[in-house]
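Below: a set of structures, written as C-alpha cells.
Next come two complexes built around chain A: one with chain B, the other with chain C.
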Partner chain A sequence: MSKVLIGRYLPGDSVIHRLDPRGKLVFTILFIIIVFWANNLITYGLLLFFTFWLIHMSKISLAYFFAGMKSFIYLALFVVIIQIFFSDGGITYWHWGILRVTQMGLINAFYMFLRLLINLNISTILTLTTSPLLIADSIESLLKPLSYFGVPVQIIGLIISIALRFIPTIADAAQKIVNAQMARGVDFNASSLKKRIMNIIPILVPLLESNFKMADELSEAMESRGYIPLAKRTHFHVMHWHWQDSTAFGILGLLAVLLIILRQS
Partner chain B sequence: MDIKFNHVSYYYNANTPLQTVGFKDLDFTIKEHSFTSIIGQTGSGKSTLIQHLNGLLIPSQGEINIAGFKITPQTKRKSLSKLRSQVGIVFQFPENQLYESTVLKDIAVGPLNFGVPLAKAQKQALATLKLVGLDSDLAQRSPTELSGGQMRRVAIAGILVMKPKILVLDEPTAGLDPYAHEEMMELFWRLHQKWHLTTIMVSHSMDDVAQYSDQVIWLDQGRLIQMASPREIFTNNQQLLMKPQSVIFYQKLQDKGLQLPQIPLTIAELVTELKKKILGTTIE
Partner chain C sequence: MTVKNITKLAIVAALYAVLTIFLPNQFGPIQFRLAEALNFMIFYDYRYIYALGIGCAIANFFASPMKLDVLVGTAQTVLVLFLIYFLTKKVKSLVAKYVILDVVFSLSMFFIAWELWADGIVKFSNLWPTYIGLVFWEAFVLTITGIAMYLIQKRKLVNLYLD
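Up next, the complex of A and B:
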C-alpha cells in the first residue's frame, strides 16, 4: 500500500515543483481536454512521450513512478479488456454469445488504454509536485469569480484544504487500527471473500468513531481560536506568476497545434 | 525462550525517495520471564520496535528470534499469524480499537479469531473481565457507554484473554489519572509474576521503569544507546533528562553532601535507606 503514488506529494526542487500551482492546475485540466483530440498512434505517442518528459523534468525516477502506478495500470487494463469484448466493428476474430473480439474493438481498447495512462500520468505529476494545501488554495482562487454570485468560495476552499490535510492523518489512524486488530488475530489475508468483507467492520467502526471525534475537536479548536467563517483573510502562501509559467502554457499551445496537425481528419 | 535481535534495522518506505530510518542495527537479547522497559524520546523508534515483536513489521535487515519463530527480511507476514496468539500487544490508547456491540463480545474477538469455540471463548472473556477488575455486570453493555478508563481495561482484557506468553505494552498508562495509573501497573505486575510472562513495556514514566524493570533498553534516534539494569541506567547518566522522583530527590540531597551506598529506585527505597543512614549514624 505504501508505494501507491496517486494523491501523494513528493517535496522536491525541480522546475515543475516551482511552477505556480494555479497554472499547474489549469494546465492539467486543459491537457486532459486536449487528450481527446488524439486519435491515432502518432498523437497518442506524442502525448505519452510528453508526460514522460514532464516526469523527467520533475526529477522523479521513472522506475519509482511506475512502481507506484502499477496497481492503477492493472485497473486500467481490466477496464480495457472488458471494453474489447463489448465493442463492434471491422473484422470479427472471435465471438461467443454477445461477446466478441473485433478489429475496431482491439484498436479502440488500445487507444483507450493509452488515454487512461496519459491522464493518470499527468494528474499524478500534478499531485506529486504540488503540496495539497497549495492545490486547495489554487482551486479556491480559480473559483473566486463565483463569489460574485454568492457562492461561499472561501468555505469551499477551507473544506477542500481540511479534507486534503486529513488524508494522511486518517490513513495513520486506519493503520493503527489495522495493527491492533491484526494483533487480535483478524486475518486480512483470509481466503474467503465473505470473511474479507466481514473484516472491514473491525476497521470501519473504530475509524468512523475517531473521525467524528477529530472533526468535533477540530471545530471546537477553531471556534475557541475565534475563527469566523466569512472573515476576510490573507493566505500563508502567496502565489506568484513567473515567466516559466507563461512558458508552460506556450508549450501547451504548441502541443495543441501539433495535435491538430497530426491527428487523423 | 529468549527474544534475540541480531543486527536488526528497519526502514519505512524502503527503496523509495521517502525512505526514513525506523531504527538501525539493534542487537540485544531479552531474557525469558524478564520485565524489560523501552525508553527514549519521541521518534526514537520504540513503537517501530514493538511492531516487530509479532510480525506486523518485518525487518529490513537482520534476524529476530522470538517464541520459536525466526523472522528475517524474507519471512512472509502470512506465516506469522500463530506468533500473534503468543505475543499480545497492547497498543497506545487501545480503547480506540473496540468495535463489537457488547463488552463481552469484544473481549472474545481474539480467541474466536484463533479458533476457540464460541462457548469457551465467552467463558474465558468473562473470566478476563473480572481479572482486569471490572464488574461482570458490564459484560452486556456497549463499550461506548463506558468511561475512558473502563474502556481501556476492556481493550487490555481483549489481549490478556489470549493468554500470551509475551506481553507487550505501549505506554499503557498514558492519559490515566494517578490512581488508575497505580492500579493498572499493579495489575500488570501481578500478571507478570503469576503467569510467568515476558513483559516488554514502552514508558515515559521513569518511576514505573525504575520500580518494575529488570532491564532497560534506551533508544535514541533509532539507535541503542544502552541496555542495562535500571540502577545502572539512572546512575550518572547526564544525557538522560528524565529520572525517577526518588533519584531526583536523592541528587538534591547529594548536592547538600549526603551519600547513600547506591541510588534509590523508588520512594520506598529512598525512605528505608535514609532511615538506615540517619538512625545508624550518631545524631548530633
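Up next, the complex of A and C:
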C-alpha cells in the first residue's frame, strides 16, 4: 500500500517541474479533452509522441511510468477484449455466436488502448512533477471565483491538502490493520456472504476509529498554532506565472490545431 | 465550521481515496468500490457529502485511466448523495434510509454507464447491459457494506457524528 501513486512526487529541476502548478493542472485538463479529437493512427501517434516528449523533458525515468501502468493493465485488457470481440465493421476474421473479431474491432481496441495510455501518461507526468500540496493550492486558486458565490473555497482547499497529505499515512495504517486481522485469523476469502459482511466490520471499525483519532490530534495541533477557519491568510508557496507557462499553452494550442487538421472528418 | 470538523472531513476524503486507489476493480464497467460504504455516513451529517465528493475526485483524478470519471463520477456522487439526503430527510427509520440510499445510488449508475460510452469504453449498443451490470455490482457492494455500517452504528462502535 505504500507504493502510493500520488505520494510519488519526484522533486527535480526540469522545465516541467518549474512550470506554474496552476498552469500544469489546466494544461492536463485541456490535454485530456483534446485527446478525444484523435481518431486515426496519425493523430494518436502524434499524441503518444507528445506525451513521451513531455516525459523526456521532465527528466524522469520511464521506469516510474511503467510501474504506474501495473494497476491500469487489467482495465486496459478488459476494454481491449470487449472492443475486439463485440465490435462490428469491416472484414470479419472470425465469429462464434455473438462473439466476432472484425477489422474495426481490432482498430478500435488498439485506439482505445492508446487513449488510455496517453491519459495515464499525462496525469502521471503531473503527479510526478508537482507536489500534492501545490496541486491542492492550485485547485484552491482556480476555484477562487466561486468564493464570490459563497463557496468556502479556502476550506475546500484545506480539506484537499490534508487529504492528499494523509493518503500515504492512511494507506499504510489500512495495510497494518488488514495484516493484524489476518494474523488474528480473519478469513477475507470466506465463502459465505454473512461471513464476508462480518469480516468488513473488523476492518472498518479500527480504520474509522484510528483515522478519526488522527483527525482530532491534527485539529488540536492546528488550533494550538492559532489556525482560524476562513481567516485571511497567505501561502507558504507563492505561485508565479512565467513566460514558460505561456509557451506551454502555445504548444498545446499548436497541438490542438494539428489534431484538427490531421483527424479524419 | 470548526477545525475538528474540517480535519474529520479531510480524513474521510483521504479514506475514500485510499480504499479506491489501492483495491482492485474500482474503475470501468465492472467496479466493486468498497469505499461506497462511506456513503452511509451522510445520515450522520450531510457535510460528509463534501468529503466524499473530494475523495472521489482525488481517487478518479489520480487512479482512473478514464479521465471523464473525474467530472462525471464526482458529480454523480455529490448530486445523488444530496438527492438522497433530501429524499430521506423526513424518513425516521434508519434501515429505510439505508435501503433508499442502496436503491437510488445503484440506479444512478446510469451516469457512469453513459460516461463509459462517452469515453469509448463501451459501445452504444452495450449501454444497457453495461448499466444493468453496474447497478448489480453497486447494489451488491452497498448492501454488504450497508449492513456492516448499520451494525457499526447500532453497536456504537464508532461515533460518526460531526460537532
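Please note the rule applied: the second predicted complex is superposed on the first by the 209 of 265 C-alpha atoms of A that agree within 3 Å, B and C clash if a C-alpha of one lies under 4 Å from a C-alpha of the other, contacts with A are read in each partner's own complex, and residues count from 1 in each chain.
FYI, a contact is a pair of C-beta atoms (placed from the backbone, for glycine too) under 8 Å apart; a residue touches a chain by one contact, two chains touch by 3 or more.
Keep in mind that this is a model prediction, so the values were computed, not measured.
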item	value
Partner chain in contact with A:L10 - chain B first, chain C second, else both or neither	first
Which superposed partner A:A183 touches (first chain B, second chain C, both, neither)	first
First, second, both or neither for A:I156, with chain B first and chain C second	second
Touched partner set for A:A76, first chain B, second chain C, both or neither	second
First (chain B), second (chain C), both or neither touched by A:F52	neither
Which partner, chain B or chain C, touches more chain A residues	C
Partner chain(s) touched by A:F166 [first = chain B, second = chain C, both, neither]	second
First, second, both or neither for A:Y64, with chain B first and chain C second	first
Touched partner set for A:I201, first chain B, second chain C, both or neither	both
Shared chain A contacts, counted only where both chain B and chain C touch the same residue	201, 205, 209
Residues of chain B touching chain A in the complex	12-13, 16-18, 51, 54, 56, 77-78, 81, 84-85, 88-89, 91, 94, 96-99, 109-110, 113-114, 144, 158-159, 162
Of all residues in chain A, those that touch chain B in their complex	2-3, 10, 60-61, 64, 176-177, 179-187, 189, 201-202, 205-206, 209-210
Residues of chain A defined as touching chain C within the complex	1, 4-6, 32, 71-72, 74-76, 78-79, 82, 86-87, 108, 111-112, 115-116, 119-120, 123, 127, 152, 155-156, 158-160, 162-164, 166-167, 170-171, 174, 193, 196-198, 200-201, 204-205, 207-209, 211-212, 214-216, 218-219, 222-223, 227, 229
Chain C residues touching chain A - in the complex, by the definition given at the top	1-4, 6-15, 17-19, 21-22, 24-25, 27-30, 34, 37, 50-51, 54-55, 58, 61-63, 65-67, 120-123, 126, 144-145, 147-149, 151-152, 157-160
